[in-house]
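Okay, so here's the structure we're looking at.
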């Protein structure tokens, strides 16, 4: 754990944060979570807190058994009030003050409503929560979330579940360059190379759900994502070669054979 | 080795082919090769065959010691005749009939001369060589190289040493879709996500040199590339989710809390 | 003017909005404005309102002479209060209640501070202004600006003066698809094809300054931008062919010559 | 015609070359050709030369009436022999030694077979033809076509009829930078911004058919393409601003209002 991700003082050995949404069944989900190596996994508060939510109680128990920290989220909340109340009820039900804060604008785009998000984040930080907000790729909003005391910022790569990757890499890089808290790329990842790219842009971790849970072979994809995050992190730390417009020979042409051509 | 790459009947446990050009010194090169997990590494024939080429003799011996198969290349050859003669002299000197065939157009662009390449490939195949040609991303030329008997095709992603990645992913994917011999993405890779992408597009392996040897930390980058190739291969086999223009909720919004909003 | 752009009830014959910043001298600026065909041009309120600002008084008089409507902007305002006050002072000085509203986060990124922007827009709309806000490419913020009564929304393509084009075309298209007020692509345009693309994505107009004023030949570039906006608007209305992954022959191969091949 | 395109000594006032394939009917085609301003239009030799090809005889007569030079092409030819014979029969039938040379690999990809293309080009040049070859975006093949005496080179942007634009702008730019004969971007263009981009990359002209003939409104799209080519040419000659990673204020922030903030 010499390159641990530290969020709000807590070290995590894996830089892959998983979501549980979209899983076909608990057994496959469990295998995929194990294969991913994750130590932090989101669970929807709406489902956890609902009475008689058998499957979700199962998710909760499974995470505990696997030693994976649960990160409750406020998915499905469309207003500041709804998100704040959901977080507060969830804290009691789940026994954790960590929350992945989502205030989405509508159920079609599922895009963050950044105005509501900043407001809800301020309220929850003051209320003692460790807030990890799901936000857009706007560097100024990311800075503001940090300023109001969020423990991390989680910009999207592309709309939730779209699998379009990182639509604006420059914005994500600008967020990562400026942030003093961990930056977790959240939403949009469809395949391994995109998770690696997120890390190369300077993100500290990647959060994904659909890309694994809805892949044809979720367990294999979970392993691929684990490798991709390690690869991207390694490449970032290793210092890549510069991009050049022209070619550069890797095999020196000195020492040529003396062919009579 | 249940997902081995097989070239000309020979299985290889790693899908990362390394080059040796650009290495600062033999010791770092050795560490990087070990970290990469490669089982096949290119060496420039011009250097190997040159008299008194002490360092290159060292490279050759090192590969033998590490159990890595050497793949001689004809780097620096600008004509059919030069490439064919270099390959033939190299076969005697190196004791292998495998050759990475390069016929480059000039020493500025280092781009393949595909007309000379096809001609040289035909000659060498007839002469008993196992030919792996370095070519452009032209799907029709790739097919032709396969038709004349090449054991693999090695399209470029971008100019040698440029680190620009894969400039035309559609062409690389078209080559991989159509090929009945292994496709090895060669040239252009600058960082881990690009190596992963090559595999996701359907390539069977990735060849790179500069991206590792000239990275700030070559050993760490070698490990990142090993992980990236595994990640891309895994993601390809796992069956990624489709790209969608719109969002798709991963957390069902059923089971809502009954908040009096 | 059968395809006129209408903003706040006022028709404009040209869909190219120009800025005056960065011009080397008034004479070249005048020639460029005429060549562009623009009917609406931004002027910085800070400069207009400053005492003894000779050059800017010249700009103002020139626009009047050319029959080009001036659109005062609040460039250089970093807070809600500053932007609102500047707009109010400018209204008296300039005799127009139209304002291009800028609330930028800092003088390095020059990115919009969308939280401050929405707040300032609300205040100015209530105060009787016709507000055209410079914003990010966030579709939800654009909708909010429309909801508070803005007469248009002006999303960026890329940072001001960067010449990087449109970094996230999907977002710009989403804004244009959803908007019921005119959408004017503002900031980032570097060359003609990018202005055409903005129109093809569904924008109603394009605003640019640096791309013309700092080009090697501003007058020629102004003419190119005029043509580009017309081209992009025409292509949008003409209904482009769909993108296809494969080829489609345009020359039917029926009626072949009967060559004895 | 102070910025005329000159091919084989012949000046052309328009830099838009049109194709006739895919047109719904002759009348719309005629209107579109007129709207495009083209002075050079391709016609398939296979159709022209076929006996009793009434519609195509009509095309031929129409071009003559409009004063548009006809450029016969060898579309549908899959071998050197077929292309050469078609060109030779066409020369007699059409009374022109200009030929757009196509040697395509197969009727699925419609991609150029560059090996056959270079061979056929050499034969036809020696036979007195003015050869304009349809080729890939391979800079080395383009140079070779120029070396064997072609009067222009016509690289593709993307597969014929795909509407995917220019898949590898760097290659197209490299071809344009190096060429001493006119470079005409051929195939792939789907909309106006892509035609403008081709010119900005340094191409001397753009050839397109499907993008106009199959658009919902071909005449309007023809006009848009005319404007786009003019815009791209103008922007190229005007000298665009450099791309910058960061922002650059166009409105100087000097001369600030003295607000008591």
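Order as written gives the chain letters A, B, C and D; numbering starts at 1 within each chain.
In the analysis below, a contact is a pair of C-beta atoms (placed from the backbone, for glycine too) under 8 Å apart; a residue touches a chain by one contact, two chains touch by 3 or more.
This one's a predicted model, so the numbers in the text were calculated from it and none came from an experiment.
Listed by label, the chains that touch subunit A and also subunit D are B, C. Rounded to a whole number, the gap between the C-alpha centres of subunit A and subunit B is 31 angstrom.
Averaging C-alpha coordinates per chain places the centre of subunit B 35 Å away from that of subunit D. Averaged C-alpha coordinates give centres for subunit B and subunit C that are 46 Å from one another.
Residue numbers of subunit A whose C-beta contacts span two or more other chains: 109, 111, 164, 170, 245. Contact topology of the protein chains: cyclic, one closed ring where each chain has exactly two touching partners. Interfaces, counted as pairs of touching chains, are A-B, A-C, B-D, C-D. Against subunit C, in their complex, subunit A makes its touches with residues 105, 109, 111-115, 118, 136, 138-141, 143-144, 158, 164, 167-168, 170-171, 174. Taken together, the subunit A residues at the contact with subunit B in this complex read 19, 21-22, 44-47, 49-50, 53, 56, 73, 75-76, 79, 81-82, 85-86, 89, 107-111, 159-164, 190-197, 200, 209-211, 213-218, 220-221, 223-225, 227-228, 230-235, 237-253, 255-257, 259, 261.
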